[in-house]
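What follows is one structure encoded as structure tokens, with my remarks underneath.
Each chain carries a letter (A, B and C) given by its place in the written order, and its residues are counted from 1.
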């Protein structure tokens, strides 16, 4: 995984994030490594407790204590984010990496008009006269698909889809080369979700930024992502190009996840999902964290975490008994 | 039947299973066990316990009738009379000890009555809404607006003197605040799905209010009860001081009345004012400690702030603005 | 104001339906005493449910699906319409509040596993109360044994251990199973499921759906399954109905509806579902401009008209009537008039 670090826009190596509680440390992210190349869309898929949101917030170092980064490296174009001072971080954020939050209603200030929220962002990070900021904001709104007549609306006056577009506009305000999107469509209806996703694809095509797209809905990533990493209980269990992952899932959890999405077309199959429930992160299972729910688990799985293996397609998997290619 | 069986411990290792703590028998009193670990609550409980014991064991602590004249008037504290004597020559210490019975008794009984009244009216308004809520809310607002002290005095003047009168008078003027709080909480809770589920199960309205919704409000009820107790003790003392109670019975309030009547400040007889005043203040203090502790225990935000602070201190992390990185020495 | 819709889902020689809803309407008042306006949350909805059948009710937020189901559950009053259960219009015979008999036949499970259980009561309590209220078990031993049976039947083992736990000790999926067990306690004939899996983790959703299907098979319980996810509607629903802005616009057997959607809105919904098995479908998407219209005293005509790519002048004049395309498939759209 180290060989291609050069040239990577974002390189996360062996990252560990813990939440310190009086009862002990909860390891939310455990030795996670991945990269994002310029112009690439990387999907991070997982369920609750997998640590995917924690990673998103760690890259920008906006997690509040009691969360601490307890190990690893985060390099953005070679710069060490974990070594930055508060001042350096403030200069770094939003110009280089921006975050599209999960719930637009929570991310938007309810008493400030949406255009002001964009211009405020711009003027805080870059010295810019208000006129210029407003012109840029108008252009941004046009680009993300908000009717210019709604510029001065308040968040509660906009529909869910519009609000999400506003949040995207705020993230794009300074033209960052990397956008992190944390479940941007989860709170939206399926029709609006489709529109927003198409908008995101169009924006990426026009502006060329990279995206780290975080979601629990694996099916969204097939159209959107170049590479997909599957997270479970704080660890990445499988990583591959999106088509490769969908056609040849090798980790049993990935397989199980795919067996959790009924299809709207194609033959009707009986799906089983995955027995059990995502683990309690206070005391996760020993060894491979997925072993209590895995149908192929054996004694060795409970003892030690398997070492990652990679095949010739760049397909990483962390499992003692991965599924052979072609199995579905 | 081919239903995949889900074991409660299926996703957990043996170590975790042994750590599963048995839940307390009544989850609605969780907050109480947590309170007991808080020094504020312990202090409050201890002080209250001391006063309660003093009231209960008054015949043992100060054996003779506190209304007896035992010596010269206005004697400063001596070995024989540790709190001195009143302007009538009565034993201040004995009065203080026996006075606890009436003051605490009236205070707690009134607190209980106020809580019951405000619960009944507040929950009814909150659950039924519509015109019932309209009527009850208007009544609540009326009683909130009416100036308390004049109303208290007016009622106390017209009703026959006695402890019952005081209790009724204080309850009538004191229920409105709690009713508002309980109404608001009931309004919130009734929208929860478990209430709808109880309706769909066929549960009776009475059971829904008192067996499903009320148990979710126990800490609020206790907090309101203690607040009402403080109000009652203070208002009772105030009424007595102003002479609106039967001043021949001994209570902390009547002690203050007599102290005022005998111009204690002019004569410098501080020992006739301090003991009853301190008693009232200490009881109020203890009850307030309990309320603070209860607030902290039931408000998860306050609790986690404390936990975070203690954790940060342990790891010498100074700044809270960006995610600290442990392996680097600085906390920025 | 439309004419009351004819009985839908009617088929030659069909069995006497378990539930038949006709012209169900709900208008919520808003505003002040002097200027009251009405939100037309549900307008003229009619459908049938047969014994042991799973009917999926699909719609986005604001479609009125939850409100419809709450009227059937008799949690809220209906402004107009009839709910005919086993031949009897309960809105007529049980005008002020539902009878215990109705409550023992029609049950409900809710979307949010965290608020549908009372946090200060044990799991056992949640199951005991329905048993006691409906006299299904009287002695302590009977109650305990029945509670354990119910917990086992929804896959929670060991039952006795679960019965003593409190909701905060259970995961979302387990809580939803408890909610299902609670609904089963009264031995219902119809269970209304309001988006039961949308707040659960992805990997445990299928387990709960499969449980619902097994219960339908074993106990011949009918379900009305509300969802915004068409794919799960197809998976579990024998029939599917589509709602938009308070109206029911299409209904039919699930397979038929998914493969041959008639209403333009249904087509938009189907094309919006992300489907990894179908590969890149962005170019095939059927777009719908705009947003769901305001439900406050809406204009006459089809509510989808402002967004429909195939809108005609007739669409804005009156709500299209029900049109049968074949035995089981009906639609309300001017394209078929």
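Please note the rule applied: a residue touches a chain if its C-beta (ideal position, glycine included) is under 8 Å from a C-beta of that chain, and two chains touch if they have at least 3 such contacts.
This structure is a prediction, so every number in the text was calculated from the model and none was measured.
Computing the C-alpha centre of each chain, which chain sits at the greatest distance from chain A?
B
Quick check: more C-beta contact pairs in A-C or A-B?
More C-beta contacts join the chains of A-C.
For chain A and chain B, what's the span in angstrom between their mean Cα positions?
49
Using Cα averages as centroids, what's the distance between chain A and chain C in whole Å?
Chain centroid spacing, chain A to chain C, equals 33 Å.
Which positions in chain B are in touch with at least two other chains?
4, 6
Two or more other chains touching the same residue: where does that happen in chain C?
Chain C, residues with two or more chain partners: 173-174, 207, 210.
Could you pull out the residues of chain A that touch at least 2 other chains?
272, 275, 277-278, in rising order.
Per the contact definition, I'd like the list of chain C residues that touch chain B in the complex.
73-75, 100, 103-104, 106-108, 110-112, 115-122, 129-130, 133-134, 153-158, 161-162, 164-166, 168-169, 173-174, 177, 179, 182, 185-186, 207, 210-211, 214, 218
What residues of chain A sit close enough to touch chain B in their complex?
Counting only chain A, the residues touching chain B are 17-18, 20-22, 57-58, 61-71, 82-83, 85-86, 89, 272, 275-280, 283, 285-286, 292-293, 302.
Residues of chain C touching chain A in their complex?
My answer: residues 60-61, 171-174, 201-207, 210, 228-232, 234-235, 255, 258-259, 268-282, 285, 287-288, 291-292.
Would you tell me which residues of chain B are touching chain A in their complex?
Interface residues on chain B, with respect to chain A: 4, 6, 10-13, 15-16, 19, 307-308, 310-312, 314-315, 317, 319-328, 330, 332.
Quick one: which bits of chain A touch chain C in the complex? Just the residue numbers, please.
Of all residues in chain A, those touching chain C are 47-48, 159-161, 189-195, 197-198, 201, 216-220, 222-223, 246, 253, 256-266, 268, 270-275, 277-278.
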